[in-house]
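Chain IDs A, B, C, D and E follow the sequence of writing; residue 1 opens each chain.
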């Protein structure tokens, strides 16, 4: 309708200076979020702000290792975020499993399942490192290189295949239905006759 | 006609801009209380631009879209009725009761939109929002009654003019009581602790707002800015004397001066709310209802009765 | 014999009898609609004449009594309400009636209503009152015996109270005619002022007033006497409830206005004034205020869609009573204005409820949800009704409420002012509950093939919705006529604008600026990226996947916090007290039903005849 | 080693002998100060814990399962603590590995429900009488189906390689790798 | 999409019959992507704003530590196991080291004992400050939380000087500690910090612990009685709030605690307020203990056991045997059960996190009948730490 390309620099500036984080502590890195938000580091200076709802969030901070059980929720939450959305993987574990490289319940390469724009190494990365990661993310947004959401759209089949391989087909419905029998108060044992 | 349109446009732009600044001020002041630096003052504008420039949006149906539009539309409507210094588009019709209603109905639009998403958190948020509204309505009603009975008129503009003669409303005991009650009500209108029950991020993840994202949330940010401006302006007008400057010869200077005076008063109202919000925990909804039905109601009713004598 | 007034009054009854007797599907509906449309047509025809200041009178002499029927402006306004809402309700009944029985009694009660508004003497008033009560009783009886009993016992109490009051007046005045009665009371007031001996003593006046209060309070559903209303409104044909709540309850309101018209001066002279309101009126107003709060709070706590609106009706009647009670010209205008708007939006609401119940077969909120997608037209109508009831400018609900607020507060009545403010908020509260549970949220799978409203119901709803909007945007239309009724220019202004002197309301400006605001918002909206529709399972659930098997909508106890905050009051003042009174009343009802009211028209006629005979003997 | 640190603790001896009097089927010893140890046959564990609770062991801290494949048994260690005596005690029992069944102690220590769910999830011990054993606990369904457990015979590295298709840094030839 | 019929059939095969969910209640998924829970989830069945039934869905943080520990040499496990308890990672280090010490038969030198005690107490203070932050965020008084997190930063800096790590210290090792105290300056700074935090306690009292609204929010919420708490294996401050004076530091003393003077606060009410107040008193006590320790000063001597086996840690072999060690963490009784079969890796390590007893069954029972607004408050007043449960 309107050619908005003229305003793109403004939009990119707004996007980079106003990153709202999904509040989801996926792992132990969550412990460094409060220091980041409080007076010592204060990431609100850069417009970064934790937000409870994924619908209005831009930045997904994967704080630490990811178990398959959490990854299901991460994927659901990630798909709920509106484009453009960015993922910042925090710590060694999402990169290659980190200290849990041989653990049966920790994801080894997060970027097989959702696109990761910036990864911070370290266990656990210091708040300064996270700030640096956020700065890097800002640079990438400005230059347009933070295109994880585009990659996810374009290569959805591939990501979907990886997810299904890990969790099995129809994992959403299966996971959802898991609790139904236990939520009901009335359940009858079927007797064999 | 042209002049009215220009005035309306000016009010709209001014209210939006100042409203955003108010949002920024709240965030900065809160940050300073937390001993942080805080975001730049124009941060809410950036947030809104970002939200509006999202490249994908979701909807849950027509009402989901319309409710949001209705909320902004009704807020724009409300701001036109409140006298802004010397400028006024519909201030002749700026009836106390009408404005009180108009300041409430944007929330109805938001509730409609939120509920149509079918999210249980939004449902709980709507429940809490409405009960908060029910709770504040009693002291609010008494405060408005007190004003109307004290001044014998319902016109906001006339109340402002009357205050130029008889001094600020809060200089009179009945209206001081009403102002105290109204200020407590304002705390809930702004959604500040201890009455931020409706959004309660730690409990129900922003409640009604939980499903809004992208441009819907952007529109609601604009709505919030204007509503913030309108609520503080209304309070400054009816209790803090408003501003009608006639000392200068030039009408432009008079307008600027009165806008400046109003701005100071509005910021004062805002800061009181922010300070109160920073030091109190949040009530639960039934506690809040009981609280509002007790002290603020008694204070406001006393004010109303005194005013009617 | 053929007179316009008689046609207005008896056309519904005759149509009802024919429909009942023929009982041919299709024909009876047509006859019924004609029966409701004819009075309206005549009323419209007579409207300019009556509002021009000319009274249309007609006398009938029957069994020694002369019945005077007069179409006065006040009666005209109420009769117009009855005509419009009655027609809409009858259109609804076309879809929802189960048998010809319903046609007979629905139209019979409409006859009663017209008779009440057109009667100009106490006797005719009483007889038509009873016809109306009987018709509505039979409608409820068909659906639920228990509810009908409750309704009838209270109605009987009201009727007896009225009968006694009329008897006393007749004994003293010697005439039933309004004109005579009014003259007698005025003279009395004048005598009382100068200190002469009055015809009615102070206690007699208080007694008459109290009796009328009970009589009209029952029908209107005033706070202590409202108990019948929720059950009766619930347990009947929902289209009929549109008439029941929209029209029949207005007879109570009309009755209260009659008190003013007939004995206002006398009461004022006798009991003086409280602040600026007449003392006796203040009682009515205060009861009205309590009715607003009690009705509204209870409405918010209901789990049944019909009950919610029944209590809502009670609450809204409270506003009207407040207006009447305050007693200034402005406030009575406000009351009548609100009576009009209440009839319009509540009639609309009950037609919507009728549609929902008709289409889904369910009545509790727990079984509904997500119907907005399936019934868009009904939802659009509901949207208008909700905005109107909640008092959102620029709809008629706000205009009348606004006049009422200003009328009450300008009279320096702070407590009443607080009450009406609370009432408006509680209106939002129960409406949102209705909206959320019925239209939004997750739709139970068994409602997946629900259809939209049937045509007659849709027409009925459309008529009422259109009037809601028209009178809302142009409130001056109503105000002008109300000024004629009261005979005083209480509300000035153009058709778009209401000007009370101390406050102004311009509906057109509001509409224009609202549209401008929405357009601005719409521009911002449409400049943004396109939207994609997502199902209810793709919402924020703390990251968890869900399916439709989970119940994601608060279907029950939506306002549980409110219930808990009010637990003390709910326990003490309503639950226990009314159950006790209720059981006592029901015991009495059992006796009455066995001997007096056995649902047989013949014995009811006998009862009426006996009462009349007793009255005639006593009156002589 | 236990024998080396063995210190006499007269109070402990008293507690053990008092408890063994009531539960003669068990063996008991004092490890060191505030550490007691009991060995109980699997079929009497409910009786023993009931007796222990009655004689002052209020808290059940944990139920630890230890897999001993060579002996074909799973050892269950009930970690008890007595606030009144101020001592910790272990009640050890052994169940066969192939048919690991033992009755639940939920009705004595309700909290055992959680511990038993945990032990069931990772060691496949069936606690008879616990209604929530089948309730989803920590593992996801696909992991449960794949037979993830903490028993010694569970080939974790093989499972990781199969599940994630990757195992960095791991050299299969090397017997004993150091991280 | 599988239809309801198929689902019912499936369930029948599993011996269960599904009925459609009750319409009177609704399901609310509370966590993990929620501000009130860490990576922990509750499935709530709600009626209005009241909880009818709560089910704890745990396991989001399960990494299989107990299995992984069997694959790693004895000392490497320190770096692994401390990740169980993120707010106070020194506790798992300490219990594991203490259990290994016991199997090895090592007598830890005095200086190492002093350092271990100090580190544990510092960890307690920092965990309590973190908890104050959590509670105040849940209650909505963000100011107190922001301040608490800021004060905690001072301790983080001290930890960093001492151990080289901010959050994960990997400091306490079997046989002592990894390295010595940096110097007197560190002790002085610790003293300053303790005084500073002590002076700031008044602020938290005003904002939180003596605040009228906070009291209204906490009073009578999530009430446990003594019998229930003991039967459910609740330990730590949660148990002490019900009137049982059980503190591992007193009941089963370890390190330097027998020599230290401190009180074990006990309250009888057993509600959220009592739990909050207990924690607040304990924070004061911990600061007092730190003061005493600083007054005592670190004893001279080696900071770890002088044992030749410690020279080549990767080849460290622990003799066969088992040991149980536990300490008092802020959340309760944190225990470790270590079994060795004489190899260079543990045979079995079981960590007993305190939250496993109060984070599953107790929460499920306390939440029944609670208001939704109380759910985060109850979670926080119990100080539920999900990784304890998941491990």
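Here is the rule we go by: a residue touches a chain if its C-beta (ideal position, glycine included) is under 8 Å from a C-beta of that chain, and two chains touch if they have at least 3 such contacts.
Just so you know, these numbers come straight off a predicted model, no measurement behind them.
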Mutual neighbours - chains that touch chain C and chain D alike: A, E
Chain ID, smallest distance between chain and overall C-alpha centroids: B
Centroid comparison with chain E (C-alpha atoms), farthest chain: C
Of all other chains, the one whose Cα centre sits farthest from chain B: D
Winner on C-beta contact pairs when A-C is weighed against A-E: A-E
Gap in Å, rounded to a whole number, between the CA centres of chain E and chain D: 22
Chain centre separation (chain B, chain D; CA means) in Å: 61
For chain A paired with chain B, centre-to-centre distance based on mean C-alpha positions, whole Å: 36
Approximate Å spacing (C-alpha centroids) for the pair chain C, chain E: 63
Residue list for chain A, restricted to those that touch at least two other chains: 24, 38-39, 52-55, 69, 73, 77, 102-105, 173, 175, 177, 179-180, 182
Junction residues of chain C - those touching two or more other chains: 527, 538, 540-544, 546-547, 549-550, 552-554, 558-559, 561
Shared-contact residues (touching 2 or more other chains) in chain E: 1, 7, 21-22, 26-27, 32-35, 46, 49, 57, 59, 62, 64, 67, 71, 146, 150, 371
Touching pairs among all chains present in the structure: A-B, A-C, A-D, A-E, B-C, B-E, C-E, D-E
Touching residues (chain side chain A, partner chain D) in the complex: 68-69, 96-97, 101-105, 107-109, 166-168, 171, 174-175, 178-179, 182
Chain E residues within the chain B interface of the complex: 26-28, 34-36, 46, 49, 136-143, 146-147, 150, 207-208, 211, 213-214, 216-217, 371-376
Partner chain E, residues of chain A touching it in the complex: 22-28, 30-32, 34-35, 37-40, 50, 52, 54, 65, 67, 69-70, 73, 77, 99-100, 102-106, 123-124, 126, 170, 173, 177, 179-190
Residues of chain E defined as touching chain D within the complex: 57-59, 62, 64, 66-67, 71-73, 76, 102-103, 105, 230-233, 235, 244, 246, 251-252, 314, 319-321, 324, 326, 333, 335, 337, 339, 347-348, 350, 352, 356-357, 360-361, 390
Contact footprint of chain E on chain C as seen in their complex: 366-367, 444-445, 540-544, 546-547, 549-561, 563
